[in-house]
Amino acid sequence: MKHYLSISDLKNLQEAVKEGIELKSDPFSFDQLGKRKTICLLFFNNSLRTRLSTQKAASNLGLNTMVMNFGSEGWQLEYNDGVVMDAGKSEHIREAAKVVSQYADIVAIRAFAGLIDREQDEAEVVLNGFLEHATIPVVNMESSVAHPLQALADAITLEEHKTVERPKVVLSWAPHPKALPHAVANSFINMMKLQDAEFVITNPVGYDLNPKITEGCRIVNDQEKALENANFVYVKNWSSYRDYGRVLHQNRDWMMTSEKLGGANFMHCLPVRRNVVVEDAVLDSNQSLVIDQADNRTWAAQLVLKRILKESQLELHADKK
Amino acid sequence: MKHYLSISDLKNLQEAVKEGIELKSDPFSFDQLGKRKTICLLFFNNSLRTRLSTQKAASNLGLNTMVMNFGSEGWQLEYNDGVVMDAGKSEHIREAAKVVSQYADIVAIRAFAGLIDREQDEAEVVLNGFLEHATIPVVNMESSVAHPLQALADAITLEEHKTVERPKVVLSWAPHPKALPHAVANSFINMMKLQDAEFVITNPVGYDLNPKITEGCRIVNDQEKALENANFVYVKNWSSYRDYGRVLHQNRDWMMTSEKLGGANFMHCLPVRRNVVVEDAVLDSNQSLVIDQADNRTWAAQLVLKRILKESQLELHADKK
Amino acid sequence: MKHYLSISDLKNLQEAVKEGIELKSDPFSFDQLGKRKTICLLFFNNSLRTRLSTQKAASNLGLNTMVMNFGSEGWQLEYNDGVVMDAGKSEHIREAAKVVSQYADIVAIRAFAGLIDREQDEAEVVLNGFLEHATIPVVNMESSVAHPLQALADAITLEEHKTVERPKVVLSWAPHPKALPHAVANSFINMMKLQDAEFVITNPVGYDLNPKITEGCRIVNDQEKALENANFVYVKNWSSYRDYGRVLHQNRDWMMTSEKLGGANFMHCLPVRRNVVVEDAVLDSNQSLVIDQADNRTWAAQLVLKRILKESQLELHADKK
């Protein structure tokens, strides 16, 4: 694997999940792989799980890690070509990406959707800017439209907790006071398409996600019906895609409750607003897998970094021949 | 030692001081103890000495360190149970503490008193929130009402510099333009109660500290009288406890001077405002121990982390039997 | 080398350049030199290249690194002696510098010019404050009037790319919307004075740099004439020195273009504003050395840290005799 930008970069999801679980059982089995190599984590947005789990994964592999909050510790970047840079932006992505490539062997990027301009968000200007101009592997730590480290952690969690061959998995929209990006939901859907499962998306009218991503998925507006006989319920808020980035309503009756959940397992990427997205009783029950998902973020990141390091070793050997 | 929340967690202060001094003379004697283990330092408030000395101590023990400024790099946490989280707080301590426990073997927390609501400050919501919900050892890097790493460093400094069996130690209030917390003074007092010393607290009327903490201590409002024949004078400002968090007056005549100090050693936890809390002549004299105190922060932290790592090793062995 | 404050601390520039190039070809040749030693990077201003390259260099030498953004993670320091510190500043440089010296073996400082008070900027209060009061080696990561790590990286880049014995090097002022410091230009000039080259500075009337620094240098106000037959053109904006810290005009016709550059190599310290300081065609051509310069920041820093570590080893041995 050269880069990790979306879940499809894994090629075979099932093998990746298996490999992630192996790393979890033997975290230091590849602790020499990252020796004398450096990963640079660039945060254009805040982070808790991604920040710590990726550092932890890097450390387990023996990597040297440099963390930088680009906005507060650096400056604003220009992403458009041909611009006369006489306003607020001090450096162009063309230089920044090449420069970071001088100091690190892998660069990981977190840059959220602005949720104002759909076209610009879908262009993934930050992530793709680094991808185009960096000369080292790029890892997506959540971009405008994808969060593939989360999706891989979710796949590991599903594998560890499934008790039937072909589980029913429901992605259920939840209310939220703020407009949130589509990245987690998008990557979860893309990951579920690679699973042998009955997959249903349920959301209120007006909250359908990008039809290119949900293509081929069953979307049900009746939450109760969608949840029937579910084994796993993945709850997540997202803002409207049609009325791009808007909170159409907060619809409190879409909150997940113990009653609605029935016997299913509860999943959420965190952070989660209690008693808005999901009631306390669910999170505090044994049915909640949210901490397992958070734990699996380490093994997802470690698997991805391991594969990138392995690939770069192979390339190095090939170069030497 | 499972956690380090207050000076009393040390059990035997004299042994701890001795062990701290041993680490100082041989800093790398336990550099394998932290191998393949991670400490996460979470700062809810700014820091210089605590930030650097705890990192240094962790490095001496071979620990992997992750530092996070929770406010600016993460988001606001909710600490109350049962709340409908539809306002400014994005994550509940119940999740945050369990999540951090997935990525680290020890978590250290700095979270100051707000100095607005005494009851809330004394509830230590941040530190106790982590203590309750984390599944790993918790270290106090200064909480609302305690700063036990400072107190241990102070105990080491006293031991290194005392020239009589039973010294006279005076904790002397000082003026300051801003309202400051009681944490340093509280922990110093709690530490002094474990010492064989003549201990006197001196502060203006209205500035008596929490009577539960000063219980059994001599409090004198006449500074000159209190300082008579002192061997060590520990100077520190704190805001009023009775008129909670208020600066009643700035009383410049309580500033420590060479004349008042006489032949005693001067101590302060730093940062210190020169010519407000203490005059230049004191800080720039050989009687000042403030840099020794700062140095001993490393050995205090290293001792604490060493004991926690040792304890977790024992638990691991016990689990395996 | 005890400290690295200016390019003249290198003693012999040519040997230093050679040593830097050797480190570049064998980055881990001294990876035991920093073992059990710590460098503390203190940022009073934002940084990308300096932040990452210095961390990378430290890691290559086996150093433990602690990074602190002093303003946002700590507090404001007082640099004047004798002050009654009852306003916004919480700690004096006298304490801060001695304290940091307890936790680190080397301290590196970035603190830009304020560009308001020339005398104060030239006094280098932050850097010199640390130099005076710290008890460990001090490295300049860009101060008010000097950026010697950049200048050393530039010297390495010149050496790697020169094709004639005695190249013509032109330092050419460029327009910029904001007032920028003189540090990079100053250190480049000081470095060029140590080179066997034809060196010309070109800038508009009113933009002459500090005459003490440009003493003995040819300054030409006609850019076209200055650029004739140049081998290297180092482009950089700086604010006025005479009308201290002011942007007199933005003079777009001073922007570097392919036409002006002719066959010369283009250099800039970055970050650079495209189509203001230099047109795209130059940066995107093979004549641009800006990424090589950025790469050489690592080797410049590594050489400096290596020499400081070597020197402290020698002192240690001498102490033991």
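A few points about this structure:
Note that the chains are named A, B and C in the order they appear, and that numbering of residues resets to 1 at the start of each chain.
By definition in this document, a residue touches a chain if its C-beta (ideal position, glycine included) is under 8 Å from a C-beta of that chain, and two chains touch if they have at least 3 such contacts.
Here the structure is a predicted model, which is why all the values come from computation and not from measurement.
For the touching copies chain B and chain C, the fraction of interface residue numbers used by both falls below half; the interface is of the different-residue type. Seen as a C-alpha superposition, chain A sits on chain C after a turn of 120°, to the nearest 5. Per-chain Cα centroids separate chain B from chain C by 39 Å.
The set of chain A residues touching two or more other chains comprises 72. Those residues of chain A whose C-beta lies close enough to touch chain B in the complex are 27-28, 31, 43, 46-49, 51-53, 55-56, 59, 69, 72, 177, 250, 270-276, 280, 283-284, 290-291, 294-295, 297-298.
Contact residues on chain C toward chain B in their complex (touch as defined above): 36, 38, 40, 64, 66, 68, 72-75, 78, 81-87, 89-92, 94-96, 98-100, 102-104.
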